[in-house]
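Each chain gets a letter, A, B, C, D, E and F, in the order it is written, and its residues are counted from 1.
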């Protein structure tokens, strides 16, 4: 092996104290060597209301068709449903957005890091070794990603040494998730290279250092991103403003409601454009009963069109 | 009315405690129900030096032709005139700029909010009711906008609940002002939707929440934006750096001086390009009397051309 | 006059463009020359619910006896009443507290400044002159203070040039208000000298510069301090955490409730000290009905004692 | 029950969605209803190197005699040992220190909160109910405290609604821990009342609101405080600079080394005071071999005295 | 001379207290009038390891061919070499990047400013005058720039009055350096105009004020930019993340290593794309010895191609 | 030597790459090995206006008697003189003040650090070695301190690794300067120990780490502290607000003027206390000519008393 690259490899390992040994990977048990665990039973119990199927490890699996529809969602439409349900802690912002025009949509795959503490880390490594498992590191998580996933990482808002991926691993995340995306409360490196890769990403900083002085403490456990509690399998939706983590049981209702909101805005704009009304006469609710009736007709017609268009009949 | 939208409507009202009742709108008296008032007499007195005509409510009306010329202004050119006059508090920055390449130009239409306080707000509502007026809310102000206006809003730098408009009302502002623009010391929502609308906007944050927990306390009163005191009718000019609020009595001089500055820069650049001079030999003032003379000739010629071009003869 | 001091005098004037001319002072009309006005009628209308008497200018006057009782209040006790009423915007913090152990209690006397703008300021001066009034400056407000007042100043959080008082004027405020106090969203100067004066003060910064580059735009008008709307005559109460502005109509209820909260805490602490209970068994509400009864007895007895002590019959 | 207090009780419950039901408390199983669990086995495994006895729940128990000696420790002495071991992430600062002169020493009792999310919280409550356990809330943790504990709370640096205790619960923590102490990456309320209680406390903010909009997700699990990973049972030591979390296996060595550092400083200061040496001649290591020898004698003598003084034979 | 422009000229001078007198310019001695000097001998001594030729004033001159190759460098590639050498303080970030896609590459030409202090400044002016030299100001430095230079300015992170150039001088820097670039720990003005000029620039702020209240204290002396010590002649490389200052002795090795890193990434990506490997199987070092061998072949081949392409063979 | 302490010693050295070798110390030439030099000639030239004697190395020496008088100065009094002279950049604040009630007064002894850069640092060490000098480190400067000095350190506002002294070296600074004081734009360590030492100190942070990753680049050269340019020998005066650096040529005038200001305040306060005047009638200048006369008498009398008291006759 080339000396230069080998050194790079050694260094990255040293930084994490978390390097690879060989051997077959059996993920479901592999993750039992992490500090904080959240069993399949826990995951199922705590997401009991999700109405869809699940991954083998218990993670909710919002169907692909709904992911597709979610590409049109924006923050306000999601807010409308979630705040009504009393879910006010599902939004995080303050990120740099890699490709502002490109929607982020996918299933949350969560990862948690904590500051490196050697006594704890050594036990975790030893536990892994006893079970014939590789050491825990950022790639451990990345290699578990599925198409449609969004990698959601709590690395404590770190800048220096808090870079979850560079352009190589970012490329791999893109391949593995089929362009799903990345949300990191921390940083990335190789911003120049990453800018050329066509996958949505939300990050706090970029920095030339590799990840280090941290330990991976949980995969697909509940995590905090800003003021949001994120559960594995949440529907992740990001736009120019920030990122929403939608509990699976609200996905369908959010999407249906968003249809109505978009039709409402469409109709309102049309009315504005006629030039006969002040904003307060048609928005948010028309004062004139006739207008309200007209709107109801319009809504019904457009919803039917949408259904047909989606082949839902 | 559709249940979903109706709820949205109710919520927005609740948030502001400020909802619409029907009835014809007579704005000049309507605004008398706001907490802080600034009468037509006050407005005329405190902007006594403005040399142009006025709106019926007393607000100065910088002529359309000057607005047109102001589209070429930038912050430095305005600074040159205003600091000479001793007006150092007319600039505000630290905004996100929606369309960085697109100049913001228009007449200031000012709005002020304060934190909601129910005893005060209830009196304001009652006063409005007694006079057969609608309640005060953000749409109250928006429906009063005129072509060429820029909506300038002091909402205390709020992020959450400080969103003066979403894409619907932003669209209406665009229509009503003929693309005038928005400056808000606070936030907007629906950034995705707003990004597609072709009107300049300067805002501190974007957030998914609607406006709330505030009360509209003044329309077309003197307000503060950052370190600037803004009077209704000021000429608002924004570029990549920030926003200037130019008192009407200085508009003409600012524009004329900007012409000279631009000609000066044009000539200096030409001289640089000849490759014969160091920067300090031609800029900011040529040391060689011959060059100074040459510049004077150039200035005279170009000013004449500009005048002709504008048909000012 | 001494040259050195005279220069100091001139400079302070220049800074504010606001200097004294002689003449008798008739404040009620004097304040009509300020930019933002809030008439006696306005003040009475917008504080219509206050149950006490008023100052001649219409400002609510919470009685001295209640001010006295309010010296024992702290932020949490006030929060308990105001949040129940839905008044969540009456608290401001982030101040430096001059004498942390000394309670701040008094009636709000409000003052507002805006960034200096000469055209506006000149009109204000001219209006004042026409009515034989002195120019507006910080001393204009200070000379209007009454015993029991707290001077509450919105000077835009300025540090440099935002110093409402130095030790001389602070001393005068102390004398005029009988030790009432100062709250300034801005700065003070002469911190060394001020530290030796026994009056509560809440300020954001200290700075060696005198006040400047601002204009006094309102006296006893509604102002904003942080996230609070302050009305003239509000009961101002400050402790180590921050400052509450209590609408007069809630003063009595706040004080009575605080009595109960203090008795409740007194009793709970006694119970803890018996060593027989876990915190959750006695706090915040005892689970055992017998204990609840015991508490009720205690509360009744102590309230009666308090009343007697205060000579309230 | 008194209406006022009852409402307070209800509100506090509502805020947390976490209220008490009656029934006997069996804590070891009670904590199994929390979202993130860390079993006795986990705790023992991950703190395998601790050389002392343990609490029944597996938490390391640094002996009382060492706690006593630790009262003289300061941050620099701890840094000297831990950095040599490669433990650079055990320190947190940026706190307000309640009683700057009073040392904080005790065993870490850790608590973690996350933003409230109702679907998850409801499951946790239901699980608790099924096992006949009280709901999880801040008092759940407080009622489990032991003498010598320091309550270490990760509540996400929240200010508003992030107040782990007011003066009532702070008093109870003081009683339960025998004055152990509190470290909270978040806020407290009732700062006035708390200031009068003689227990060390480190907090980010004070605020009048009670705790709310959060859920207790873990008790005695690994948590993050600033850049430190804290394990249950760590020795917590705080001084004017900040707080150290010392892994139990390093406690003895840290204390012994601190003895030597203090003797070294004592001797150096004595030498300075003789007035014969420049700082670089005696500090940090004397250049003159004779002085080095003199120091060695002094060290030996003083260590012997210390041992005798402590009755260590 | 035109009155308006002349005033502008005077003002700029007054601001700096540093204006031009006529006379021939002999820079090598001219710079002896600056407050902080760093002689040609000093410069040579302190950059003794640089392996290339030098400018007449002793400044290292990284060859043009290496500048050319450096256009492909990014921050991570530079980090890889410099951290291995133990140079961890050569990176600065937190800048606004004028043209994010355009690489910044050139030789550091350093300039330092300090807060204006008249007694010191007057001596410097007098010294300059005695030697028949022009006064020191920002143009003094700009007129000394060479093709391939990057102007690196420490103006103390100032925003207001900290604008090293407007669009005129920026244009001249571009001409003089042949598009080299600008790095300023401070601000620029005329952002609108500067945006249209095709030269890389890194700045903290933009502001409408001209430079003022500072004095130029050093040209081509060691300076600090963020956490980096910059020596005159360092290779400056900037990308989307920030700016590296590479000591000349490491330029060749950095470039060679970057070649290998890029080939490594190229090969890894190819392997990913085959779809047969997990990220941890090929990155950062392949586990399979066969793959490692394959990579070594690839590396050798590609390095040879690169050399040939560059005509180095 | 004791192993533990020896390691501590080694580490501190390693951190700075700057350790002691033996040998006699001849400071005047020793300092020639620092990166940035400012010769005796430079120092004399650039402080040519100072009216007092000098130290052997050229540093201005404000007389002890004036230092003594300066103990009564506060920031506002200094501001009054310096702003009139046009010196607005001589003040720095934002410090933590160790003993708020204790005045800081002394002569500036300046020290500058830059981020460690090994190529540069190695040259500096080699130069020192060639001249038989010790390496440069913080103790190098400390051992040069004189009675009446204040150590003023620019260490770039660093917190971690930016600790100029711990309690040992702080003690030595106190001894060497006879309690002069410390101003550091950076941090200190051992805050607990330092708190017990009776010398004024102004610092940005405290941190448990020792100084490291920096190199000492200048002793008694011009430095920047916040927005101030500090020259060696400036009179340093600190109070609760911050620190002033007074050029020696203004010391006498500042002190005399402060006398007048204090007498003015004394008289004004007396007048207030008579209860006959509004603040604006006596402050800052009495309107009534009789009062002005009365003040002049008072001033003359008190100045005479002061002179007598000081034995100035």
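The definition used in the following text is that a contact is a pair of C-beta atoms (placed from the backbone, for glycine too) under 8 Å apart; a residue touches a chain by one contact, two chains touch by 3 or more.
Being a predicted model, the structure only gives us computed values, none of them experimental.
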item	value
Angle, in degrees to the nearest 5, of the Cα rotation that carries chain B onto chain F	180
Identity of the chain that, by mean CA position, is farthest from chain F	A
Chain whose Cα centroid lies at the greatest distance from that of chain E	C
Chain pair among E-F, B-E or A-E whose interface repeats that of A-D, sharing over half of the contact pairs by residue number	E-F
Inter-chain centre distance, chain B versus chain C - centres from mean C-alpha coordinates, in Å	34
Chain D and chain F, separation of their C-alpha mean positions in angstrom	38
For chain D, residues that touch 2 or more chains besides their own	none
Pairs of chains in contact (touch as defined earlier), listed by label	A-B, A-D, A-E, B-C, B-E, C-D, C-F, D-F, E-F
Interfacial residue positions of chain A with respect to chain D in the complex	35-38, 42, 45-49, 85-90, 114-120, 123-124, 127, 156, 213, 215, 217, 221-222, 224, 227-229, 231, 247, 249
Of chain F, residues touching chain C in the complex	74-76, 78-80, 83-84, 91, 93, 100, 239-242, 244, 257, 260-261, 264-265, 268-269, 272-273, 278-280, 283-285, 287, 292, 295-296, 299
Chain B to chain A touching residues, read off their complex	1-2, 4-9, 12, 20, 22, 25, 134, 139-140, 142-143, 166-169, 171-172, 175-176, 189-193, 195, 206-209
